[in-house]
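Here come two complexes built around chain A, the first alongside chain B, the second alongside chain C.
Let's look at the complex of A and B:
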């Protein structure tokens, strides 16, 4: 039993990282309707930005901030310099997916070509071990989980109670109607990319800390769990993504105890597929149903 | 021509044939029927494993590799059974991924399926785990009694025959009313459905035939190179074939053929001659960067590819309205 409790502890850490990433992914998809498969590689780039800062002597908090800023800037640039021009040229939905994969390949393999297949390590220390019953966490992990909770609460407050949050929800619901109501959708979309990029960067640095090492392929390897969490909750639904992240994180770690550690991602993905077969819109169906993504 | 050059040329020709068959399969799914099959490489892998295992026969406990096997079956059967296995897998995946999902969701679910398949194959002994299957016997090698070099050329001949057969299959579909209905579904699904087309059936046909062709390409490849491991079919590999179909011109078989010769063969072979300057992964990284850049350039400058799909006109005035409706011409065309 204590093995299961310990596994739930690991699952909470995974879920915290996954929630940061999945909420960023789903927020951007909900507002802009672009399935950004370069998201994982923006994560990698943010981690390298954070790594650069730690080499200059920055600590954990500075590394997290550098990751967030790096992710936000790169996301905005990707949208402004690559995705928007293709959209304006009339590239359709499928074409945009291919554009984002191309961007993903270019970013990931530019790092690999420049740096080689080397394992890097963020020099931010291990942190002390804290025991809570059968669960053990490092102080770094507690910090990450705390940050995830704060970020989720912050997103909830912004989306529910501020003008920009309202504008984002309106743009996600119906961009044309939002524009004709006087919402500056261009600026809202920019803000969505910045916010999603910042979450992506935070998630990337957190991932690099929980995994202890990272490579040029770390982010892209994490992309599929992110997608699984986002789709599980219903794409475009921040609350769904939080729930999806918890499900994927805990199920994968607990199944590692019962089945085998190698299959932990498979268990979570199998749940995703079952959910999609039974309830194709995901758990929270609002956005995907209104877009006609699933029949 | 020196012996070494002949080995290089024959190997390249077999690879080209494999890529052409695979691209025809993907073009049928993605170019003609509009399915974003991001799990395409899995079907190639299924074909490869099926053929490899059937050519090897069951593994014995003292064998150096462990897998679930049967046979050994005589030569053409491993390829035929591989095609069946690919088609069957496509039916199963299609029922999960295509029945109720569209566009983005399909793409994401198929991506996840691709990753599940790689994880299971890597960590189980169904197909010998991460090491993969090796020493697959070359078909008819003992029977023919040729020298190694002559056998290479014979295999080029076999690949050519399979390419011709594959072309007959895809041409039979794309040139027929069935292919027209698939294109109508791709361009305007509600209109195709309103005209009485069963869009799920159309999608499944494209998916299953494409899956079987992918499996055949994998079978031909594995019987030639004699080994196959999960590292060879990670999900980014699917994207090479997508790039090929986009560069060649999606929606027509000639485009897929030219794309297969240009992208996996020409571009990737060209980067092989780059100096290995920086680090051991430099060349393979450059290959992926080239694939990404070429795809972006084509989507920007020539989104319809080297050989654009022929715009089909309604046959007769009497049929005109229905045909126009079905080809989506009354709707906003997005593939300018």
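Let's look at the complex of A and C:
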């Protein structure tokens, strides 16, 4: 039993990283309707921004901040300089997916070409080990979980109680109607990219800390579980992404106690398929399908 | 221009394989060209990226066979990632191939163009078991990636360790490339093994051993790995995660015996260090058997062409055996220049290169003894040896 409790604790750490990433991914998709497969590589770029700050003497909090800022700026630039021109020319969903894949490859291989196939480590220390009953965490992992909780609460408050949150929900629900109601949808979309990018950056730095090392390909390697968490909750639904991240994180770790650990990802994806059989649009999508971003 | 293709992963999880293999090919080509080339031809090394995946490797090899610039005379690679898928293509093309795969499925290879000069993974499993027993370990955990290459030595490791009276528990196959292995780490910690046998890719290894270091109250147990964990990328990733000095003190790698002295080694290392313009940080490969082996393979093929007086792969292929095998009256040569001079003088030769003597069996496989070296860059001095006889005693 203690092994299961410990595995749940480990799953919470995985879920925290996934939640940061999946909520950012799904928030951006919900508002802009672009399936941004360069998301993982923006995570990587954010980690390198954080790495640069640590080389200048910055600590963990500065590294996280640099990752968030780096992710936000790069996401905004990607949208303004690459995605929007294609959208203006009428590129549709499938075409945009190819554009985002191209962006992903360009970012990844730019880092690979510049830095080589080298492993890097964020020099932020490992943190002390904290034992909470059968669960074991490092202080860094506790910080990541705390940050995820705060970020999720922040997203909730913004979407539920602020004008920009309501504007995002309106834009996600019907952009044309939102624009005709006087909502500056262009600015709302920019803010969605910035917020999504900031979460992406925080997730990237958190991932690099939990992995111990990172490379030019680290972010893209984790895109699939991020998308899985988002899909499980219902694409475009931030609360669904939170629940999806928890499910993927905890199921994968707990399943490793009972079955061969090599199948723990399979276990998580089996749950994903079972959920989608019952609720084809994800856990939250049907609840709030008529309301754009759930709130 | 005669072309040797390095057909292996240059991107993906096993991306370090490419530069490592190329680090053997380039110095060999340099020495051959400096020595006047082969039958009036210069030689070159080209890369073909298999991406470490059969689905990508097959079209890459087909393209390589169709479009190689110059005249394709030999292939270095593939690795276990893609060998099963691409070896039939290379055999059909009648191209001599020196693979970097330890897969047991090639233990009874029937292709005349397949030449494996490094030990099979199943043999390595026995060697790891013998080493652990020599150190007095009676219980150990096994943590291996669930790839074809990662799992290849596990059955013989289990069998060998058991036959030596020791217990292997737990045996954990790892799904590589995940974000966390904390649950697997906890299983290892709970078993309290005296040592851990391992082969994981660099990223997964860094994550696993970093988490093990955090969860274990007594620090990292001794780690016994294979040659994969001596690759610069692995040492960099895992050393960065747990501390390079910690890794050096807790970890040994069992690798094919590769002497780091003598005329053959000196020629290899001098040419390697002189290839800094083409090989990034060449000194990292100075004692790397997986760079020394492709170096020897290129020299071997060049000498075989000279002996056959032909650059036609289908013709010179048979001479690979005769320039490597011991034979009465054969002159031992350690460099391309020595071999070329001896062949020009009409002598029979036996090439003994940087990796040491090669002695093929009927299946074109060669097995020798093993070294145990500490897990750090350029660990020249073995901390122990596993004899071919000890391995053979388990490999009945």
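List of remarks:
Note that in this section the second predicted complex is superposed on the first by the 285 of 295 C-alpha atoms of A that agree within 3 Å, B and C clash if a C-alpha of one lies under 4 Å from a C-alpha of the other, contacts with A are read in each partner's own complex, and residues count from 1 in each chain.
Methods note: contacts are C-beta pairs under 8 Å (C-beta built on N, C-alpha and C of every residue); 3 or more make two chains touch, one makes a residue touch a chain.
Note that the structure is predicted; figures quoted are calculated from it, not measured.
Considered on the superposed chain A, chain B and chain C are sterically incompatible, since they clash. Within the superposed three-chain model, A:116 lies in touch with chain B and with chain C [touch as defined at top].
Legend: residue contacts after superposition of the two complexes on their common chain; A:95 is shown touching chain B, with no touch to chain C.
Using the contact criterion defined above for the overlaid structures, shared-chain residue A:103 touches chain B, although it does not reach chain C.
Looking at the shared chain after the overlay, A:262 reaches both chain B and chain C. Of the two partner chains placed by superposition, only chain B is touched by A:276; chain C is not. Of the two partners, chain B and chain C, it is B that touches more residues of chain A. By the touch criterion defined above, A:239 reaches neither chain B nor chain C.
In the superposition on chain A, A:211 makes contact with chain C only, not with chain B.
With chain A as the common frame, the single stretch of chain C that clashes into chain B is 145-153; none of the other options in 145-153, 235-243 or 253-261 do.
Chain A residues 112, 116-117, 260, 262-263, 265 lie at the interface with chain B in one structure and with chain C in the other. Across the complex, chain A meets chain C through its residues 3, 6-7, 10, 13-14, 17, 112, 116-121, 126, 129, 136, 138, 207, 210-213, 215, 218, 221-222, 225, 252-254, 256-257, 260-265. Against chain B, in their complex, chain A makes its touches with residues 35, 82, 86, 89-95, 97-99, 101-106, 108-110, 112-117, 224, 227-228, 231, 235, 260, 262-263, 265-266, 269-270, 272-273, 276-277, 280, 288, 292-295. Of all residues in chain B, only 34, 36, 96, 99-105, 107-109, 111-113, 115-116, 119-120, 122-123, 236, 239, 242, 246, 278-282, 285-286, 288-289, 291-293, 295-296, 299-300, 303, 334-336 touch chain A in the complex they form. Residue ranges on chain C touching chain A, taken from their complex, read 11, 15-16, 19, 146, 172-175, 177-184, 186-187, 190, 202-203, 206-207, 210-211, 213-215, 233, 236-237, 240-241, 280.
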